[in-house]
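Here the chain labels run A, B and C in written order, and each chain numbers its own residues starting at 1.
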Amino acid sequence: MKKNKLQILTNGIIKENPVLVLVLGTCPTLAISTQAINGIGMGACVIVVLTCSNIIISALKRIIPDTVRIPCYITVIATFVTIVQLVLKAYAPSLDKALGVYIPLIVVNCIILGRAEAFANKNSVIDSALDGIGMGLGYTLTATVMACIRELLGSGTLFGAPVTANLFSPFTILIMAPGGFFVFGCLIALVNRITKGKVKDKRANKCIGCPGAEFCSDVNKEGGCDNK
Amino acid sequence: MSLTAAFYIVLSAIITNNYVLSKFLGICPFLGVSKKLDNAMGMSVAVIIVMVIATAVTWPIQTYLLDKKGIGYMQTIVFILVIAALVQMIEIFLKKYIPSLHKALGIYLPLITTNCAVLGVCVLNIDNEYNFLQSILNAFGSGVGFTLAMFLFAGVRSKIETNDYPEAFKGIASTLVAASITSLCFLGFSGMLEKIFGM
Amino acid sequence: MADKHTNLIVSSAPHVCNPADTATIMRDVVIALIPALAVAIYVFGFRALLMTAVCAAACVFFEWAVRKIMGRENTIGDWSAVVTGVILAFNLPVNMPIWMAVIGCFIAIVVVKQIFGGLGQNFANPAIVGRIALFIGFATPMTTWAVTEKMSQAIINNAGVDAVTGATPLAMLNAGAAELPSNLEMFLGTINGSMGEISACALLIGGIYLVVRKVISPAIPVSFIATVAVLAAVMGYDPIFQVCAGGVMLGAIFMATDYVTSPITTKGRIIFGIGCGIFTMLIRAFASYPEGVSFAILLMNILTPHIDSITRSKLNGVPKKGGAEK
């Protein structure tokens, strides 16, 4: 089944949105979405790492032996994460500080490993690059929307500029841990509502975003892990 | 390091800085493997073991190898590969020498490589400039904190599993709302350890 | 709803059942809350009534609206939303902005209860979560306590420069105030604090009414209050002061006893009550918040499934493994 290029690109933004539909990469999304600018920053890092690693993995797919492919993928991903880390440290130290430990943790972000496994090692370099950009944009969009909601309601600002902060007191719990879980849950419910459960089967196969969906045998037998 | 300082590190990693419920590390297994208490506890024990061993291995590597050679920036690559190799070795070791334990924990071990809490604790120990003993204590406390969150949440999920949810909130969405309410109660303990230990 | 001819239908056991339904029980709870409301109106004035009415109305509205949106049967007739609204209002300071209180009602009814499928399916007490969310989300208004001339002289003397707001007795104790309200004042409720919490006496009357009407079992309130008293004595506080202060009475009698979120067996309920007492005192003594009742009850709500599973009575004549297991 051949998809056209545009479809590959837009796939990740809406239909297979990595965060809301595939429920991957939950940890960083929840953690950094307290400020809109963090959402964009984290999103940019994910786009870069995802696109580059997709390209390399796709290019090397005939060379990498199947049995050791996961360690190879991790090495490739970790290399790009390190590059991003160094670039941020040098040119955007404040963002580096805000995202903190979640930058190195992009390595274990299941979106990236998941795309390497599910897309890049089966498709051409150009398709893989487009997939990386699309999925990355989907991630960025979600993280930013979520961060905007939490920042606006939780601290009354948007991108650091006061919006409603002077009008009424913000509901600070939204920028704390419970607010993160709650807003994320509501966004997923919204997607469920819009798609009327059409994407549910796809999600069930993904072990509710379990990190090792690729390796796992049958941890969560009911409803999942017969993926691939 | 005094005994109180040791207790403080362990308890704050368990309660006030709980990895899952306040730092959002290890959310994936927290949501994915908490449906049944047995599975949740199996996963948790495996996480505690791997966290402590991974810290015990990565801390000396960072301090005596990477920093000495001036290649501290290799941290991410080295750590993730070490953790992946470590998990493999633990699995092989258990399979050969303690098959009963391997049977109990075996299916959880491969999942742990990409559990961000494990890599997270190794990196955070270095970032916080903990010494070796502090790092081990922090890793142990973080693992126990993960276990506590899993234990609480497994109970909640057993209770709400058969609920008649609204269509849109079926599945992961309601699980996240439940996690949100669960994480609320941890906020009540803020400031407690500082007062008890006089920090 | 009840079929007039139920007595003609052949059914399996149990055949004897209690005529009490949810609405009867919930109406009893509302009646039991009236003494505390009366004290609140006496001490804080008309606004206490207004707040209570607004919260009850908002909860009923949200219950109706969300069921309507979900296309489900209307459940406002079971009075549970009214109870949640009144109890939530009792947990708020009297001068809380109305719109914030309405947000609390939204959280209690929609987020905690209806998202999980409605009455009986929530795992945490709606009013408790509503209160905690407001407490953390709107920290300043939730800890601004009105002072009126009806209150104990000690509180009036301790009031801030504006003389209309001041610290609660617990906060005064934490801050080491020179003069505290007497135990009699604490018991009667001429103190400041959340609207419905102040009068231990009025809450106790409501509690006794509920026990007499067999709406609640005394296991949780008694074990909760006793644990607080014992721990207070052990930690060197005044037990009567600690029991009457803050939300212990309201929490123990009206919130910890919620059927849905507390254990089923008496043994489980005693464990639940003791746990509530321990965490309440731990938070009061050591955490940065002066009051810990709501956090303690929420934590025990979360632990309830585990308490239930260890205290569930074993079935007779069933092999140890298998049968009794789920």
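One rule holds for everything that comes next: contacts are C-beta pairs under 8 Å (C-beta built on N, C-alpha and C of every residue); 3 or more make two chains touch, one makes a residue touch a chain.
Please read all numbers here as calculations on a predicted model, not as lab measurements.
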Centroid comparison with chain A (C-alpha atoms), farthest chain: C
More contacts between chains, A-C or B-C: B-C
Distance between the centres, which are taken as Cα means, of chain B and chain A, whole angstrom: 21
Chain B and chain C, separation of their C-alpha mean positions in angstrom: 34
Distance between chain centroids, defined by C-alpha means - chain A, chain C (Å): 41
Where chain A touches two or more other chains at once, by residue number: 176, 178, 182
Chain C: positions in contact with at least two other chains: 111, 133, 136
Residue numbers of chain B (touch at least two other chains): 167, 169, 174, 177, 181, 184, 187
Complex contacts: residues of chain A adjacent to chain C: 168-169, 171-174, 176, 178, 182
Sites on chain C touched by chain A in the complex: 99, 103, 111, 133, 136-141
Residues of chain C defined as touching chain B within the complex: 70, 111-112, 114-118, 121, 123-124, 129, 132-133, 136, 279, 282-283, 286-289, 292, 294-296, 298-299, 302-306, 309
Chain B residues touching chain C - in the complex, by the definition given at the top: 151-152, 155-156, 158-160, 163-167, 169, 174, 177-178, 181-182, 184-185, 187-192, 195-196
Touch list for chain B against partner chain A, complex: 21-29, 31-33, 35, 39, 73-77, 79-81, 84, 107-108, 110-116, 119-120, 123-124, 127, 167-177, 179-181, 183-184, 186-187
